[in-house]
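Below you'll find the structures, each written out as structure tokens.
First chain A sits with chain B, and in the next complex the same chain sits with chain C.
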Partner chain A sequence: MNTERAEICIIGGGIQGCAAALELARRGHDVIVIEKDYPGRQSSGVNAGGVRRLNRALPEIPLSVASHKIWERIADHVGDDCGFTKSATIMVCETTEELENAKARAAETRALGYTHEQIISDSEVHKHLPKLDGQVTGALQGIGDGFASPFRTTQAFFRTALQDGARFFLGHRVEQISRSGHWIVETRDSRFEAEILINCAGAWGNQVAGSVGDPTPVHAEAPMMTITAPVPHVTDAVVAFTGRRLSFKQRHNGTLLIGGGYRGHVNPDGYSSRLALDKLAMNARAVLDLFSHLKDVPVVRSWAGVEGMTPDHMPIIGPSLNEDGLFHAFGFLSHGFQLGPIVGQILAELVETGTTDLPIEPLSIRRFR
Partner chain B sequence: MAEGIQFDVDGNAFLAQPGETVASAMLRLQLVPFRFHPVDTSPRGPFCMMGVCHECLIEVDGKPGQQACLLPVVPGMSVRRPLNG
Partner chain C sequence: MAKLVIIGAGPAGMSAAIEARRHGAEVQVYDNRPEPGGNIYAALGSCRAHRQDVWSALGSSYEDGGPLLDAFLSCGAVFRPRTSLWHLDNDGILALKGPEGTRTDTADAIILATGAQERPMPVPGCTLPRVMGVGAAQILLKTSGVVPNGPIFIVGSGPLPLLYAWQVARMGGRIAGFVVPNGANLRLSAFVDIQGILAGWGYLTKGLAYQVDLLRRRSLIYRNARDIEIIGEIHAEYLRFTTGKQHKIKVGTVLLHDGVIPSIHPAAAAGLPIPYTPAQDAWRAESAGNIHVAGDLAGIIGAKGAALSGQIAAQTALGQTNSNASAKLNKERAFRRLMDAAYPPAQLAAIAPNTTEICRCEMVNAGAIRQAATELGPDPNRIKSTLRIGMGPCQGRMCAKSLQSIVARETGTSPDDIGLHRLRSPITTITLGELAGLKE
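== the complex of A and B ==
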């Protein structure tokens, strides 16, 4: 059996694992990444690509704002602009009550010192959605938010981490984790030894955490996305609706990328997914309720990636509570992509100093004890 | 070869071979381009011929956005090329 030794071993080569590997390699650490498939195989590569601070849970905002600063110079960071495009990002309100809630939300984040959320009027919403059927009352907009290409981004972090000296073992599925002073991670035909272990295993993060005494309630889900054939201009914005399960954007080539949190099925093997056609039909109907002129537009493709879900919809980030030299960053369901760059930096700081300037305590695994 | 399948494209009658798809019949009859791209207006036509690329979309019997490469021609089928977008 082949044995590899390193200072740090990261399990999971998604955006979080690749970002951590990049940051640690740049700081001169000897780091290996064990990835069961290839970088971006699941949610890191197939998510909606939102680069969004808008409407995040309050504990996530400081991280999201810090990550956005890295996104602003992403090409310098990973040698590729990752397709990052700034675009009006709006949560549309259709009733007075929804708008009142959005105003309260904007006031709340302003009071906390953040300036990235603002209210826009109904006429401004209609400018972003000229073919919308029906009335709106306004929207909450994320100023400076946008979208990027998720697979390209994850691959850019992977490539840059490789160039900076991180070692990747792709196609290696972890079978066992044990400790004898150092960590011992075993795959079918290799053994990895490291002083520090970082769990970036996404939907499978609980399998890693649980096997080292940190069980969590994270489970796998498979949100579905759909892309249509190119259509004439529908919107220049990344659009979500406050009161509907629907989000979409129109890419440069005219195709509509549609989601809304409709779940496909995670297959019994736990590693792959399949579509739920009844839910896809609901997603399509949600589009047609608002844009009847799109009724004959063909769907080109639908897909789902497997993601890790926590009960409070916030990720688990931070040190283990019962093992030294173990850090977690997983369970990011539906909103980890934008956070990836800062999570890499946080993990590097935790490894080097045991602490970070960013307030990660609310994201600690402690809340699931 | 009298046993072709009669169908029409933009109001003109043509004959297809039995089992032939709309896309292959239209290519053989040189009825190109199939349409123009809705965003950049470039001329488009079949590329993959197997249902993947969605470049061959045409209107069939009043229903737009049909994949010509996947539809066998049937007698009396009426095809329209959405040449104006």
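== the complex of A and C ==
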């Protein structure tokens, strides 16, 4: 059996694992990444690509804001602009009550010192959505948010990490983790030894955490997305609705990327997923309720990708409570892509100093004890 | 009463339905065409009834489908025309769209009999108007009695172009010439297979007659053609190639043919095993769980073999013992082995110039695939995610095979080790309105 030794071993080559590898390699650490398929194979490569600070849970905001600063110079960071495009990002309100809640939310984040959320009027919403059937009352807008190309982004982090000296072992599925002083991670035909272990295993993060005594209530979900054939201008914004399960954006080539939190089925193998056709139909109805002129637009592709979800819908980030030299960053369902760059930095700081300037305590695994 | 759903009303699907009805099953047959018959017997019913000229031109290989069609129409199976399968789950849920709207269906067993398609032949200029497959042109003839504008040149070889040329002649048309790509010549060495010759004696004598007919009509034949290229501004105007010397020929229509391959996409989307068969240079599908495969989908076998295979699939699906159809099927297989050896595919994709468009939906050319294969290795999913090849509306039906051939050659990997990329639903296009209207 082939044995590889390194200072740091990261499990998972998604955007979190690749970002952590990049950050650590740049700081001169000897780091290896063990990935069961290839970078971006799962959620990191097939998510909606939102680069969004808007409407984050309060504990996520400081991280999201810090990550956005990296997104602003993403081409310098990873040698590719990752398709990052700034675009109005709006949570549309259709009732007065929804708008009042949005106003309260905007006031709350302002009071905390954040300036990235604002309220826009109904007429401004209609400018972003000229073909919308029906009334709106306004929207909560994220200023400076946008979207990027997820697979391309994950590949860019992977490539840059590789150039900077991180070593990747692709097609290696972790079978066992043990410790004898250093960590020992075994795959079918290799063995990896490291001082420090970082768990970036996404939907399978709990399998890793559980096997080292940090069980969590993370479970696998399979959010579904649908993409259409190119259509004439529908919107220049990344759009979500406050009172409906619907979100979409129009990409540069005119295709509409549609979601809304509808979930498919995770197969019993835990790795693959299937569509839930009834939910997919609900998603299509949610589009046509508001944009009836899209009824003859062809659907090109629908898919579901497996992700890990925590009970409070916030990720687990930080050191293990039981073991030295073990850090977790997983359970990001629908929230992880934009956070990737900063999570890499946080993990590097934790490895080097045991602490970080960003307030990650609310995201600690401790909350599930 | 067991409920059986059959996808595809070609010889395999029709024959499966007849057999299943004989065992008392409730049978639903879906097909995206307006009439049963599949490709080989496309529009047979209406042609026989209304187009005497076309009917007599098409000859016995088409007429042979009449008794099968009649038996199918009277067997008591429910036939749902113009209905497409757009999703098939490995748990056996089917989603369909047709005149009655969009709905799901379930069954105790499903038989996939989605038949064959032409192996894409990506030569430069192949996406120009007035270029199509020989098989497509033949379906045009069967369904509409149409022969395309001349001069017609066929690029390729094999039994289907020979038959088509003969049929066109009987319609009063003419194939001006054949351009046989290097490597696709008839291999006479294959005819040492005595078993195959005996099994296919009837087919072979017919094939010989077609060949003689072609010579009699003085169609031009260019063998060992290389660097084949179709040239034209807004449509195909010239065919250029070399055979030792340069040729540039004025054309009205170019018909391409590099053999047929199983139409595996619905089977692959449902997660069935999709092994690669080197002798046919093609993927085929295998049955799994309560989803059974029949006909050309299970490996190219031809119409008679497909009908036998459909019959066997129905018996298997309903837990009946297999009849003597298996012995007859083996005879068809013996002849198919001979044909596979006699007409090796030219596989022009593997040597396509870098500028040749391989994926029409996302406009990915051969050069980009070669570069990606070199950088990323022979994993079609990584190449797909990087180049978006196979992610357009056809979901790779037109490029998956070519991608495999190019990647195999470029990386020195056996085609066997290069799987098919993951397929997404819908496997045929539906609209947002149709999806929204899904009835359970």
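Criterion: the second predicted complex is superposed on the first by the 369 of 369 C-alpha atoms of A that agree within 3 Å, B and C clash if a C-alpha of one lies under 4 Å from a C-alpha of the other, contacts with A are read in each partner's own complex, and residues count from 1 in each chain.
In the analysis below, contacts are C-beta pairs under 8 Å (C-beta built on N, C-alpha and C of every residue); 3 or more make two chains touch, one makes a residue touch a chain.
Note that the coordinates shown come from a computational prediction; the quantities given were computed from them, not determined experimentally.
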{"item": "Touched partner set for A:F368, first chain B, second chain C, both or neither", "value": "neither"}
{"item": "Partner chain in contact with A:Y38 - chain B first, chain C second, else both or neither", "value": "second"}
{"item": "Chain B versus chain C as contact partner of A:Y114, first or second or both or neither", "value": "neither"}
{"item": "Chain B versus chain C, judged by how many residues of chain A each one touches", "value": "C"}
{"item": "Partner chain in contact with A:V300 - chain B first, chain C second, else both or neither", "value": "both"}
{"item": "Partner chain in contact with A:Y271 - chain B first, chain C second, else both or neither", "value": "neither"}
{"item": "Which superposed partner A:G254 touches (first chain B, second chain C, both, neither)", "value": "first"}
{"item": "Partner chain in contact with A:P232 - chain B first, chain C second, else both or neither", "value": "first"}
{"item": "Chain A positions touched by chain B in one structure and by chain C in the second", "value": "229, 296-298, 300"}
{"item": "Residues on chain A engaged by chain C in the complex (per definition of touch)", "value": "38, 40-41, 45, 151, 155, 226, 228-229, 274-275, 277-278, 280-281, 284-285, 287-288, 294-303"}
{"item": "Residues on chain B engaged by chain A in the complex (per definition of touch)", "value": "37-39, 54, 57, 63-65, 67, 85"}
{"item": "Of chain A, residues touching chain B in the complex", "value": "229-233, 253-254, 296-298, 300"}
{"item": "Sites on chain C touched by chain A in the complex", "value": "87, 89-91, 93, 95, 104, 379, 381-382, 385-386, 391-393, 395, 424-426, 429-433, 435-438, 440"}
